[in-house]
Structure formats: C-alpha cells, structure tokens
Amino acid sequence: MTVAVVYFSEKDTTHQVAEAISEGVEKMSCQYHLLRVTGEQIVDGRFVSDEYLHTIDRCDAVIFGCPTYMGGPAAQFKAFCDKTSDRWDDQSWSGKFAAGFTVGSNPGGDQLATLQYFAILAAQHGMLWVNHEMPSDHEENIENKLNAQMGFAGVVPGDTISKRDVTVAARHGSRVALFSKRYSALT
Amino acid sequence: MTVAVVYFSEKDTTHQVAEAISEGVEKMSCQYHLLRVTGEQIVDGRFVSDEYLHTIDRCDAVIFGCPTYMGGPAAQFKAFCDKTSDRWDDQSWSGKFAAGFTVGSNPGGDQLATLQYFAILAAQHGMLWVNHEMPSDHEENIENKLNAQMGFAGVVPGDTISKRDVTVAARHGSRVALFSKRYSALT
Amino acid sequence: MTVAVVYFSEKDTTHQVAEAISEGVEKMSCQYHLLRVTGEQIVDGRFVSDEYLHTIDRCDAVIFGCPTYMGGPAAQFKAFCDKTSDRWDDQSWSGKFAAGFTVGSNPGGDQLATLQYFAILAAQHGMLWVNHEMPSDHEENIENKLNAQMGFAGVVPGDTISKRDVTVAARHGSRVALFSKRYSALT
Amino acid sequence: MTVAVVYFSEKDTTHQVAEAISEGVEKMSCQYHLLRVTGEQIVDGRFVSDEYLHTIDRCDAVIFGCPTYMGGPAAQFKAFCDKTSDRWDDQSWSGKFAAGFTVGSNPGGDQLATLQYFAILAAQHGMLWVNHEMPSDHEENIENKLNAQMGFAGVVPGDTISKRDVTVAARHGSRVALFSKRYSALT
C-alpha cells in the first residue's frame, strides 16, 4: 500500500507538514512518495511533467498539499491540479483515497477554501475523500490550533511548524494510510 | 451492510431521487433505510427526534439529501444536520461512508453549494466522502444533465425526475453501497 | 439610510456581535433595525412571519448573522433565508448592500462556510456584498483573532465576546453603513 | 469611470465573454481595459509583471475571469491572483467594486467554485462584490443557461459562446459599470 504526498512549498513550512504526514503514513507500515512541485516543472503557467501522474497511477491514495495564497491554493500547485485533467477523461483515479493539507499565515486566512478546492478536485476524479477525525483533546489549547476537519489546516506565521502541528499532521497521514490499507487488502 | 438515506423533500422530486438511490443500494445486495425528515420533527426550528440518529448509528454509510433552497440546503434538512451534533462530541460516526444529493429548479441554482455543505458536514463527523464517478457517456446530451461529481445534482423544473436522473442517482447509490460493502467486509 | 441586522442567536454571543455591529452602524449616523429570529417564528421548519421581509424592503442594506452549527448557518437562520425566496422572484432586493457575521466555538469550525453561504444568498438576490477590510494592526495578536475578510467571524468558546471582537464587529457595521450611505445619497 | 477586465483565456471562449462584458461596460459610457493574462507573464509558476496591477490601481472596478479547470480557476489566472498579494498588505484596493465570470465545458463543471474563489479574492482585498441580477425571463429556455447569480457562468462545449451568453455577459458588465459609476460620482 503506497500513498503519494504531492505538494508545493515555497518557504518550507508546507514541506514540513508534508514530512510529518509522511511519517504518519510510515507509522502504519505503508510506503509513501514525497512529490514536490517545483517552479521548473511549470512552463508558461502549465505543469509540463508526466512523472508525478505516473507515480500516482500506481498509488492507492494521494494527499494534496500547498500553502493558501490569496484565499485559495497556490497557483504553482493549481498548475499541477490542472495537469491531472489527463486522468479525468477516463476517470482512471476513481476509487483512490484522497486527502489534503494547507498552511496559512493567519487563522482566518481562508484555509478552508483551499481544502474545499482539494475536495472538489477529488470529486472530479471520483475519489474517496478522507476527512480528519477531531483530536480527542478538543477542549484544550483552543487558541493554538484551527481544528479544521476537512483536512489539515495549519497557521504558521513563522518559519517552523509547531510540535502540535507535527502530531496532528502525522495523525492525518496515518488515518489516510489506515483506510487505504484496509480497503486495498480486499481489492 | 446497511445504508441510511436521510433526506427532506417538499414537492416529492427529492423523494424520487432518494428512492432511485435506494434502488441502486439494493442492486448491490445491501439494505437501506429511507429516513424522511418531516415538519413535525422540527419544533421551534430544531429537530427534536433521536430516532434517525439511532438508525444511522447502526449503518455503515449515510447519504444526505434535500432540495437546494436559496443557494443552500433546505432549512428543514439543516435542522436535522444540526441535530447530528449529538454525535460530533465523541466522533462516533467517524469512519462511516457518506455521500449527498440535491435537486434544484435551475441548472445554475447553486446545487454545488448544497453538496459542498454535505461534504463539510461529513468532515465534521470524520466520515469518508464518496464522490460520483463521471457517467461514461459524458459527451452526450450535455444540455440535459449537470454532470456534477461531488454528488448527485439534479435539475427538476417540473414534478417528476427524468429517466436519466433515475439512472444516474441509482448509480450513485450503488457506488456508495459498493465501497461500504467492500470496506465493512474487513472490519 | 437604514441597515437591517437580521440574525439568530441561541446562547447570546451572536446577539452581542449583532449589537456591536449596530453600534458601528449608528456611529456613521445611520439607523438600524435589530431583527432577531426566534423559534416561535418557525413552524414545521419554515419561517412563517412576513414582518422582517417588510422591514428589509425599506432598508438600504442588510447584515445577516448566526452561529455556525455543524459547518454551516444555524437551521433557524436558514429558515429565514429560505423565506426570503418571496423576494427572489421579482429580484426586489437587487442592488441593496449586504454583509454577514458568524460565531463559532472553534477557530477552524468552518465559519468561512457560513460567510460563503451568506455571500451566495446575497448573490441570489443580486445584492452588493460588502467585505471586511483587514484591521490595520494585522501583525499583532495573531492568535487571538481569525482575521476573516468575507465578513465578521468570531471564536467564542465562552459566554461573552471579547473587547477586540466588539471593536472589529463595530468596524464592519460602520463599513456597511458608510458604503450604503454614500451610495444611497445618489439614488 | 474605468473598469479593468482581467482574465485568462486559452481557447478563446473566455476571451469572447471578456469582450461581451466590456461592451456592456462601454454601453454605460464607461471606459474599460482588457487585460489578458498570457503564459509569458508566468515564470516558474509565478506571475511576474507589475503592469496590470498598476492599471487596476487606477480603475474603479475590476472584473476577474478565467475558464474553470478541474473544478477551480485556471492556474494561469490563479498566478495573477497570487500576484495581487502585493496590494493586500496595505489594502489599497479596498472599496473598489469587483465581479467575476467563468466558462466550463459542462453545466455541472463546478463553475460556482470558480466564482466563489473570485468572491474570496475580492474579500481578501476588502472590495465590494457585484452579483448578477437574474435575467427577467428566467422561466424560459431553462436548458440553455445556468442562471448563476454570483457572476457570469457559461457552458461552452464548442468554440463560440452563444448569442444568449453574449447578452447575459454584457448585462453583467453594464451592471458593474453602473454601480461603480454611481458610486464614484460621490468620491
């Protein structure tokens, strides 16, 4: 069972979340591929490489991630999303598990809108969207976390994600891996 | 394996979709419960009955449905959604499969917004959202259907849903049943 | 120039925001109507009174507000929204200014989704949506506020809204009043 | 009074809508700037030119437009949107009027999601969002149009937008011009 974590990160904080999620995947004894979108893969605003699509073709689940820029997914990652239209025509990703994560510099910086977009992207592909289970200690430390449930949504005003965010992100990765694993055992 | 179809229907068209979806569930040799929200269950704007929650507790999947009124879910159904907060605290519906359907009288009547709300509701419960696979004949009859993929979205200006809508809705029901079935075989 | 503040509040925190917004309206030398949705106005899940619609008919702007329940507007308030379909057919509210506010008990409790719904409701009526200008001190106290811009979004785990929330909400009310006032001077 | 129509168009259908909207602006005796985003302005996935921002600085209103790709705004246009963060810090576009349009090849191709994104972008800038008034003949030809109200949403399976779409798009342009004009007369 293999999970692709495909993401764009400019300042590195989203990359840190991607790594935490991957650790969560690994904890469930699953493999992962960290697929980082880079500027060189984008020519004239279009994502031009086929490599990541081929990797995801062979994965059971895919986790989308990028920072929230101006109330939505970073354009660099959207370029990758648009590229996945190559897999839309024959719905070849249908039935895979999908999930998402994002990071913003403001608690109300519209991170939900980015997660909603990822959920729509998954819908276009006929995927199964894995939501986040609420951390059981939801009454505590209310100021330090967003508690979004459509995916992982972080607030990172600085350069490093918090220990708490590492834990919550890893839990989300484990969750995706867990469902994909149980399900793929049957198919 | 049992699927709950919980819905509100005023004019009966949404009820027809609910029935078509249930037939799709049955076609996969799964059981279903048709749970129709009625005005009497709502007192002072709040849904007061516990019965449907108890039924859903015992189901593997739940499909939410209602007409789109003024760009969102009908208030009567939203009253039921708010009632499900009784299952939010302990996240006891976490891991169940969920899906949605809606009907509007206009092709651009914001049906997507209702499906997006259902997806958020599923997120709050930590459920797995089942998206719709694109009908394979997606090039044909483009004027007669919406082809939404986050769930079933119908356009019913009149009193009866079209034959095509019955087929597409049934396919969505079958799809939810199929995933729930494969998955529940393991747990 | 008159602004209607129509809202539902269960625990009273949303009511406190409504009052703060109204004070902001008054500060711009404008009048306001505080229209609180109550359970008695809702029979069998439908909002039955015409009074608020008549009041809004005579206002230049309307500000919608309610708590976020299960990731969307409280059903009680949605019942009022559905009732406004009486003004949709002839688009008689077209051109009025509109804005929104919501309160949740969690920073990532999907408050944005409620504001998005209010924006769609305004769209259905052909209204002009007034967004929130970012507080100028946006670098400070980042943990204590959401900084949403589609409207006022508060986090109120307890019984009373913070002093900061009172200030930000009042600013939103003043902003709506300001635009309505300038505009209505011409028509 | 000047309106900027900033958009991306690949196949030319979105360009046709942009032109129709501009004609609507002109009909109200207002000026317009057609600002078309091109691939060369995007380097490594980022929009690098400042020219359009400077033009919009001097406009009273801005209308955003692009095709809907994979359930959201085309990445090329999102690159421009991200670039506007240069005007977010000091909220210098606050109070301008804004509106949006999109085109998809499917009636249920999630065009609403693109319009919702544009509305969020406008929110981040503290702009006033101009919604679409429902065409008065809303009962007719229901199969041929979407009747979205958050902006103009077209369905163009082929190469040319319909005569009806030209009319509806022009009406939206006129509407934005009309509000901006009345308002700017005062400031």
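A, B, C and D label the chains in the order they appear, each numbered from 1.
Quick note on the criterion: a contact is a pair of C-beta atoms (placed from the backbone, for glycine too) under 8 Å apart; a residue touches a chain by one contact, two chains touch by 3 or more.
Please read these numbers as outputs of a predicted model, since none were measured by experiment.
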Chain whose mean Cα position lies farthest from subunit B: D
Of A-B and A-C, whichever chain pair has more C-beta contact pairs: A-B
Gap in Å, rounded to a whole number, between the CA centres of subunit D and subunit A: 29
Centroid distance [mean C-alpha coordinates] between subunit B and subunit A, Å: 26
Euclidean distance of C-alpha centroids - subunit A vs subunit C, Å: 33
Subunit D, residues touching no fewer than two other chains: 88, 110, 113, 116, 120, 123-124, 149-150
Chain-level touch network, classified as line, ring, star, complete or other: complete
Of subunit B, residues touching subunit A in the complex: 88, 91, 94-95, 97, 116, 119-120, 122-134, 149-151, 179, 182-183, 185-187
Subunit A partner contacts - residues on subunit D that touch it in the complex: 37, 39-40, 42-47, 69-76, 78-79, 81-82, 84-85, 88, 110, 113, 116-117, 120-121, 123-124
Residue ranges of subunit A in contact with subunit C within the complex: 106-113, 138, 142-150, 153, 155, 157
